[in-house]
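Two complexes follow with chain A in common, the first pairing it with chain B and the second with chain C.
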Partner chain A sequence: MVLTLFLIITFTFFLVQAQPGDYASFYVLNPDLPPEVKDEIRAAFGLDKPAWQQYVIHLKNTFTGNLGVSFGNFPRPVLDVLAERVPRTLVLFLTATAVSFYIGFFLGKAIAWRRGGLFEYAATISGAMLFTAFTPAFALMMIWVFAFRLGWFPVGKFLDPLVWRGADVSANYVFGNMLLSAAAFITFALLVMLCLKRFGRRVPSVAAVPIVLGGALVIMAAWALSGIGGLALDIVKHMVLPVATLTLISFAGTMLLTRNSMLETIREDYVMAARAKGLPDKQVRDRHAARNAMLPIVTSLVYSLIFAIDGSVIIESVFSWPGTGLTLLQAVRSEDLPLVMGAMLFIGMLSLLAHVIVDVLYVYLDPRIRYQ
Partner chain B sequence: MNTPGPVSPIPTPEFGVEPGRGRVRFVLVRLRLMWRSFRNGWGIFMESRMGRVSLFTIITFALMAAAHPILMAFVWDPATYDPVTGYSFDQVEQPAPPSWKHLLGTDPLGRDVLSQLLYSTRSEFVLGITAALVTVGIATFVGAVAAYYGRLVDSFFMRLADLIIALPAISLLIVLSALFHLNLFYLALIIGVLGGFGGTAIILKSQALSIKVKPFIEAARVAGGGHFHIIFVHIIPHLLPLALLYMMFTVTSAIFAEAVLSFLGLLDLRMSWGIMIHTANTGGYLLGGTRYWWLIVPAGASITLLCSAFYLAGRALDEVVNPRLRRRND
Partner chain C sequence: MTDRRDPLLTVDGLSLSYQTRQGEVQAIRDVSFELARGSALGLVGESGCGKTSVANCLMRLLPDNARLSAGRVLLDGQDVLLLTEEEMRLRRWRRISMVFQAAMNVLDPVYRVGQQIIEAIETHGVESTDSAARERVARLFRMVGLDPQLMERYPHEFSGGMRQRAVIAMALSCDPDLMIADEPTTALDVIVQDRILRELKAIQQQLAMSIIYISHDIAVVAEVTDVVGVMYAGRLVEMGDTSDVFRAPAHPYTAALMSSFPSVSGERRSLTSLPGEPPNLSDPPQGCPFHPRCAYATDVCRTEYPPQARSGSHWAACWHPLDATLVPQS
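Our next item is the complex of A and B:
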């Protein structure tokens, strides 16, 4: 894990070394500068030292959180820019992945169970189309239909300046609070589930629904009373369309895989045994078949997470959603090298995190796997 | 059929055949066997509807790609129809809707959309197939070597593959396009190398592992075959069907990556489907919706169609390579 992170940092460093030009060329290319000044600028960037020394300094700076100063957003350091952008990407990415994984798994389960119907045919074809659809064109189509024609959602961006004109709080403050309440809500929902499980089977699992909904209502009421609820609603409105698009393009992969995996599991003896015992159809499907079919899907969750990271880069650029992906793209276009490196580092860390999460899930799902 | 055993470097005089002629017969028999398995596989491939549809789509696109130079040489006037520098002088307003002269209309810069579409088809094929060949070449070799030698070689290549899978490819390509000038060839090479050392290598390695324990490998070793002889003559030919399958998937991802990057305007290409959408988008014609449909629908549909055709061809090939997936007549 740490080793991989180290390798990614090394890789990005040598990538910069290998390319024509260096950090200083952003300033040095100005023809009005005399050569002494150019040398001075290069020395200020530490480019007069040998490569290995530069590498050591680079490593030290990266691990102490000093990613340099962004050229494009000058005096702001890269870390500051990213600290603002990363949560926005995370929200987009996590919501879409969770929803698409759930929908994909649910649909895949259903179409494998009722094989050969019209529904399966339609789901497979549309899934394959969505999976291979050209993401930017698809995203633009979504904008055209839902934002332009129907006018349900805003066209893009993070917030609407007209709503925010008189606001005395910053967007980051509101967004931070939104994140906090979302985290609180998820923790609450998980706790409720856990408690119900602890109390055993006497309480039907449907009982969880009103409790969780009540929690959601309390949080919403708190927002409505706080006076900045309108601002939060504005951000949520801007979020719906990107999340929906990302969900639509990434659920198909999970769905097709679940279908294949389920088809193999259904042939197993224990499924037949469960049926022969007279268990209800739904229980056989969910407890016996789907649970075991889940392992290969979780393995491929890494791929679909990476797919979603790439997808979120594209979608951020189409929707002008100010997250890491858009930052990366803008930095690339304006040759803002420190910011490019920083954003790439964060995207790499995000995918590493995905790996770790999948590993943990794996242990939870398959009790036979143990890490020492 | 008397299939000759593996060729050993030691001549075998007791059969009374000099090595030269035996070699020819060996090759002939092998070719006949290959032809037969190819015919078998072809039958299974054509049986599935996915296979037929995808093959038809791919051939249509290949014909389109082949048609462009012919049309440019004999039918179309380069001054009007060149995909990059042409200009249609007939219309007052650009982009012009489809007409008999320009079957798919013209783009905001007055260039013929059909000509652009056909011209790009060729470069997509070149890109996809180059990337696929590079991927499969590297992945087959890495997979075979890693499975054959095991231990340190194996764990080195597998950790490398894990690392590459962990990198989001599109983001990495965006960064690379900032640092280097990416043209079609470099792009194909980079996608190929990433795929070849990445996921494809893992899959081919696991297949190679199951081949490595088969008796004929042991026989070849007993007959005195060297490491490289065994890897190249005995392991790699058995990997090729699976490698062909992953070629199809690589083509899909290569075309997709190219389209995304040129949509973002980061590539150094003359013309491609992604660039066509990029031109329409930066001109602000996309929110015109159906009014300017010819600017986005042909290119967008081509990307989706060709990508899904290669993907479906891969799925159909999967049924050929992987007998467990075949649908029984029940």
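Our next item is the complex of A and C:
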């Protein structure tokens, strides 16, 4: 873990070093400045030291949480900028990944179970089309249809200035509270399900639905009464289209994978045995065939998460969503090198985190791994 | 209700084929037999003769490419082939259960072994509470010679023999009237195989359950069954009380099978006394399917399927039965 992190830092540092020019060349190239001032600036940035010394300093700073100051957002520290941008990206991609995984898995297992129908045909073909679609083109198409033609959702950006005129709270404050609500809701839903599983195997899992829905209603009511509900709704509206685009692109992959994986597990002896035991069809499908088919898909989840984080540059720039990807792109354009390095470090850390989460999930799902 | 003397199971003129790219494989042709309550029936024959297919018909667990072309399967006088899927589902495991041939992978790797048995018990409402179901599993585990604590373990923690015992415990879990054991011990070494067989026999008698024993090993079947049926190329070619068939086999194929397994506990010889291969089931030979390999074959064997030659309950489908007491029925 720490080693991987170290490698990421090292790699980004030398990648940036390898570019022509340095941090100070922006000022240094200014012909109006006298040479002494130039040297002073270089010394102030530590650029008069040899590369390896700069590297050691950089390493020390990074591990103590000092990512420097962003040139483009002067004088905000890089960490501060990222703290604002990273959650926006995370929300976008976690939502899209969760939704697409759920839908993809659900459809995949259904089409594998009733093989050979017209439905399977249609789903497989449209899935393959979505899977191979060119992301920017597809995103533009979505904008054209849903924002431009139908006008259901805004074209892009994070919020609508007209709605926010005169608001006495900042967007980050509203968004932060939205994140807290979402986290609270997810924790609540998980707890309800855990309790049901613990205390009554004979209670049908449908019983959880009204309780969880009730929790959702309470949270929504709280927002409506808080007076900033309209502002939150505006952010949600801006989220819909990018999330939908990402979901459509990545659910197809999960669906096709689930289908293939299911077609394998359906042939397994334990599925035949489950049917022989007289279990209802749905139980055979969900508890045995699909449960085992999930294992290879969880492994693929890590790749799709990493892919999603990398793809954030594309999606965020098409939708002008001010997240990590767009920030990285702008930082590169304006030679805001500390911010570039900071953003890359965060993207690397997120992929690393995705790996760890999937590993943990896998151990939870497959008892054969647990005992090794 | 049903008379105790009525047969539990009657299979009547069953025929099954599989559609394949190479054509239609006639896996079962006109198979008929009866099984009395509490008795043990053996089905023997070389690999590919259709034993598993018969078992799957009884459970009505057939692959998509299978087609039942004729026949009835009466369980307590009711044709299971005519039941709806839901009616059949409620009878599976409760009335007929099965120990599968490939028992190594019959347990789902992601659940605890005990839980997989409880799942069947709950589905059929055999026990009304969780703790009663667990108690039942513990009892079954003891019965098949497993430590009840093992029910909390996962399948990959079991050895081959333990898995086989667990699968047998699972098959017994809903007190079925009939248990089909498809090659229940072939994957195990001879010593374990022998012990499990004897235990299974004891359990069957103790529970007064009927059992169908499927094996290619005629010695195994001789040991544990009351009645034996010999299959060849999808057909039942000889049937009778196990003692009669072994004392005086009437069909040349049965005799060849027996000579390849000289005695019940003796060493095995390969099938040297039986040259050639079983016929291709998508294009079976005319007449008696055994004629290309039979030392006694005559012209009539090559053109016409033989009638049953019978003596009491012992019969063989052969023009020239080896046991002269069997009389051809016309």
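A few remarks follow.
As a working rule, the second predicted complex is superposed on the first by the 368 of 372 C-alpha atoms of A that agree within 3 Å, B and C clash if a C-alpha of one lies under 4 Å from a C-alpha of the other, contacts with A are read in each partner's own complex, and residues count from 1 in each chain.
Here, contacts are C-beta pairs under 8 Å (C-beta built on N, C-alpha and C of every residue); 3 or more make two chains touch, one makes a residue touch a chain.
Being a predicted model, the structure only gives us computed values, none of them experimental.
In the superposition on chain A, no contact is made by A:Ala182 with either chain B or chain C. Applying the stated contact rule after C-alpha superposition, one finds that A:Val332 touches chain B and leaves chain C untouched.
Looking at the shared chain after the overlay, A:Thr135 reaches chain B, while chain C stays out of its contact range. Between chain B and chain C, the partner in contact with more residues of chain A is B.
For chain A in complex with chain B, the touching residues are 4, 7-8, 12, 15-16, 18-20, 128-129, 131-137, 140, 143-144, 148-149, 302-303, 306, 309-310, 313-314, 317, 325, 328-329, 331-333, 335, 337, 340, 344, 347-348, 351-352, 355.
Residues 59, 61, 89-94, 97-98, 100, 102-110, 119-120, 123-124, 130, 154, 156-157, 170 of chain C touch chain A in their complex. Chain contact summary for the complex, chain A toward chain C: residues 201-202, 268-270, 272-281, 283, 287-288, 291-292, 365-368, 371.
Interface residues of chain B facing chain A in the complex, by the touch rule stated above, are 162-163, 165-172, 174-180, 199, 252, 256, 259-260, 263-264, 266, 277, 281, 286-287, 289, 296, 299-300, 303-304, 307-308, 311-312.
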